[in-house]
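Both complexes shown next keep chain A, but they swap its partner, so chain B is in the first and chain C is in the second.
Up next, the complex of A and B:
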């Protein structure tokens, strides 16, 4: 499956792994070392995906991988804490700010979360923690996930959060991921969040480009993997706010495992900038009476390539899932939506809904929308659907007839289109921030 | 204020208005009546600037300004208001935000600063009361889930807020029960001044019991075939339109 042109990078990773494996053998636990070895064997077999792989049909990765990359980030960020915070700041959001630069958790730039009930550290510092041992690398099938396999073999570091049973964190945790490099950089951050039974948490993750690559210089390819585990009755409100400049490419794999009676809400929004954004968001409903809501909003512009792949896997009876993704397409942007719902045998009384709507603002924008349902149980309620449309001319005329100019009228209608998603956002400050980003993205 | 000369317009290639002439002065209320398909709503749509209609000939001026070459938004900013026969539902746009946006766009056009929030809300309250518009509806999405009557009342509420020179009410009475009709008419009557003018497009004489017009015009087959005072409406109510159709045919033959 390896493409000729990516051979160099592939060879580079083989060399990298020899070194990484040595370091791992001496500095990491045996389990982790073995996991890396297995993952790399897997990656060597499947390589980078090409367009013949069904899940990568619409993305030709070659142009994104053909650069010479360094795989170890250089010097730390030259920005000060204030500059970092200012760049990712969400007005009126009272939160603990946690800063990661090129996948490295920087405690000096981050807030400390008080109390014993939550432990937050770099991932590398957590490998001996029981919750790391219990969950790390346990959930992503590496034979089907090329990039997750590569990440598992070669990740450097990332963030680890573990919260105890019944713990409730009083404020949202705002995780600010900044990437920044003077040289072309291939980054592989890795994160693990584990929530004990009955714990409750709000996590807002912002992805931004640092200043150094903003001027059209270095290319940054981020192969990010997050694993998130929700114990019984745990509640997680999880936000992704994805921005960045066009030299940045993201492969963003998020694997969520939910136990009985837990609630997971994901609010994902992406905006013009980032050249390539591939989100794999997979949720396993691994118990009864689970609820999962996936809300997505992508505003794509320029020549952006935005690909949202989701899997909602109903394994047990009496669960509910609801997925709504809305896309606003400008310029020559390309978006892909591929949503899969599995209802496994025995997962009776499942309610599973999925919808993808797209508003096309340009004749040159493209959307490939593929909602899929695979049902192996017979007593379920499921639906899926997708639409692709343009402005409602009657609505546009109505607004204009009240004195509202073309541009404002369109902006109002776009906000209205996005409203089904934005209204779901429970934190007002985040909602306002996302509406601002929409406004900005429309310019 | 408004002068329409020999206005001809078509929709989907079919000529609907075939030379309409009309002059409206400030302070006047003109009713335009006529059978189905005579071109009443087309006239309203053309005046508001609906792109689905093509103007073939004629001119329309508002206080001397050529209206036909202006965009719909600029016509509104110049003071033309169309109360829609079928107001559009726009989920996700709140009524209040919509009104504020409209108001400020109009003010910017007129080189006025945006209205202060406090002043705006005061005005909202005042006008809600004037046209008996339910305050709860103001905060909802624009017309979403409104009953037919509520939508029409919202049109009149917007009319009150935007305070246009020329208001065109396109079959505002259709689908209204007698109470709603009274409320809508009261609203319009309270908004009448020496400085503004109204065009009331209607099918029935009923509305004109409440909003008493200065002139009644009968539009038939794309032309105004008869003009009279308010008593013409009563005559039409009694005799229907057929006698005018006959008269119009005779004129055509001549």
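Up next, the complex of A and C:
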């Protein structure tokens, strides 16, 4: 097969799987075991994607995969845990904190959520739950998603949340994902969130990595997969706050399936740090009268590579989707935006919008933007737009003429540029926190 | 709206009016593609050795090449050994004047409305006519010669101006470019050649009319246009083919070269046979078109109206190498029945202050699928590059598809790149507005579609604009969405 990068890592996974398969056969349900087997067969066929694969056209993964990785994390955490958690805390945010270290849910460090309506546990402890059986591994097409296939075959653990019908969780759940290791580590966490009909929830997910000096330059590659299911009339506000150090690489696949009348809002913000950040955010609108909003803000600096791939798939009539991604590009950063809207046959009265704006602050930054529409129904309103540009000289001049220094004027304009996304954030504490991160990221 | 189906029915059963066959004596090479075929074509045309060498390189490249698989349609299996690569009216190799042309042939062009007869010709259009593989007539040659303009068939150019051909042939679209370009290089039959000398503004439209007639043949012509410093030329291209049940391949290559301060305007009205309403037959229009703005302040502008062909697959592109150069692309693509169009453009910004503008209007009806695929690439040295792209799709009926795949790659922070696209059907409120003012629904739709395509049609030279408008009207008048 020409399409795959073959390296020692690839061979290592094959060996890994054989070993893991034995454990899985005895310890896990047969369904899960079979799923792992099929996923692995798939991965063996397609391997790691190279730049000939359209979805990976702009990323050469070879340098990120060339290290020797261990695939089983040790127990150590280079920073004291309290310190790390303190770092991830969002000021003034009243929330239930859930802590995951290297993909492992740690109940000792996490808050307990009162009430019967929500069940939260590690994924491995939930494999016999009905909602796990009904939804796990059912939605991601593995033949096109190299990393999701690998994850499905070899994931270790992750977080499972299930909410009963009509349950409303009073406070946001703040999930803190910490990765840290003294050795090169390849991590494969897996999460599943299932929301019953009419349930409402807010999830804030922070991604942080341990101090790079304490980690001694160890590289961490995270291949994260989340599946999210929204029942009828369910409402989910979902935040991603992505930070990290330059030694971490993230492939982050999120698959969302929505039933009729449900609402899904995603607010994603990415900041300088993480060396490679690839987000696959796929939403299937599988019912009528669904609303989905995807807001993204990426501030890329250093030699960072941020790649946002989204798919919004309109399968049924009368749905609305709206996507807005804004990027601020510093230094030698590279950003990729690939947004795809499908309107399937019969999905009439669809309204779908998509926009990507990029503000270039540096001569050496690179942006590749690919907004795409694929439409098979006629009674629709769809549009997309994409721009790449610089500061508006007039605006800058206006501010300077009023005695505002160049630096400050620029910062003001960047905040104004980001405002289109930040103003959409409903939780004030999170909004303030993201504004702070923007401030910090611009330094 | 009850009459929707009726109107759609009519739309999808519209008869192709140029589908007749001319019964004329033909010289046809046996089917198949190998070194012998290439040598046969070359010998038939009395070509110099270097051209044969180049052809053979193209053939070798083609034999190694793989069919692309990234396009947004099912690639039809093409039996390259089942096609004849050379077909020409057999009467005479070269016509000295129109009197010698086969009357049957003249009648054909009469039917197509192409004025070959110079007396009757519309003043201001010089026509080169390519019938199957061979250029049969070029009008106004002498008059153009007085100004130093060379306008002739590709074969004549090889004989009479070998230096120019040798210098520029394959300089924009090399034989290694893609499989169809390699194939074209190997079996190029004929085509048009134009050279506009320094500082000359070509006083009339240059025009080529392509006609596929013979059965089971492909057409592989090559057009080469060179605009020397400070010159200007407007070039038109039109095409038709008879109705046949099997698919025919058209794999042409067009190369444009604009030197300092030169401007080339290239317009196409493509009306190859689109196949019948079940998608049987029709032309595969796989064409490579590319221009290079080599000099400073040069400009290349593509305008295309694509209504024919079973599959249209082409991306007329501009390489903006000279500083301050400009590239433009205006397109209307209409697909109905089972037609497929995967078309768009590529703009490569290399020089400083380069500008490009892309306006693409897709119209899908019936079960047609229309894709816009475009690339805007801003190189690291393209200071102050500017691009504006707008691609709109209009959907008529619920079985068609419209797709947009823009690629935007910016490596220079001073560049400003804008892209916007919309997809919608004709608004009920718009129709209602016109209805209210006493305009019947059919007319209202025609009006709206015309307005929708106007931005592009306006770019065409006058005579062509009329033809293009007529073409759109035939297919779209009254198509209520």
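The working rule: the second predicted complex is superposed on the first by the 427 of 443 C-alpha atoms of A that agree within 3 Å, B and C clash if a C-alpha of one lies under 4 Å from a C-alpha of the other, contacts with A are read in each partner's own complex, and residues count from 1 in each chain.
Just so it is clear, contacts are C-beta pairs under 8 Å (C-beta built on N, C-alpha and C of every residue); 3 or more make two chains touch, one makes a residue touch a chain.
This is a predicted model, so every value here is computed, not measured.
**Q** When the two structures are overlaid on chain A, which partner does A:387 contact: first (chain B), second (chain C), both, or neither?
**A** The answer is second: A:387 touches chain C but not chain B.
**Q** Would you sort A:373 into first (chain B), second (chain C), both or neither based on which partner it touches?
**A** second
**Q** Examine A:400 and indicate which partner it touches, taking first as chain B and second as chain C; both and neither are also allowed.
**A** first
**Q** With the two complexes superposed on chain A, say which partner A:415 touches: chain B (first), chain C (second), both, or neither.
**A** In the superposed model, A:415 contacts chain B only, not chain C.
**Q** Looking at chain A, does chain C or chain B touch more of its residues?
**A** For chain A, the partner with the higher number of touched residues is C.
**Q** For A:223, select first, second, both or neither according to whether it touches chain B, chain C, the two together, or no partner.
**A** neither
**Q** After the superposition on A, what does A:345 contact: first (chain B), second (chain C), both or neither?
**A** In the superposed model, A:345 contacts chain C only, not chain B.
**Q** Over in the complex, which chain C residues touch chain A? Could you list them?
**A** 70, 378, 393, 395-425, 481
**Q** Under the stated contact criterion, what part of chain A meets chain B in this complex?
**A** Those residues of chain A that touch chain B are 392, 394-395, 397-406, 408-409, 412-413, 415-420, 423.
**Q** Which part of chain B faces chain A closely enough to touch in the complex?
**A** 48-51, 71-73, 75-77, 81-82, 84, 87-88, 90-93, 97-98, 101-103, 105-106, 109, 141, 158, 162
**Q** Which part of chain A faces chain C closely enough to touch in the complex?
**A** Within the complex, chain A contacts chain C at residues 54, 329, 345-346, 348, 358, 360-390.
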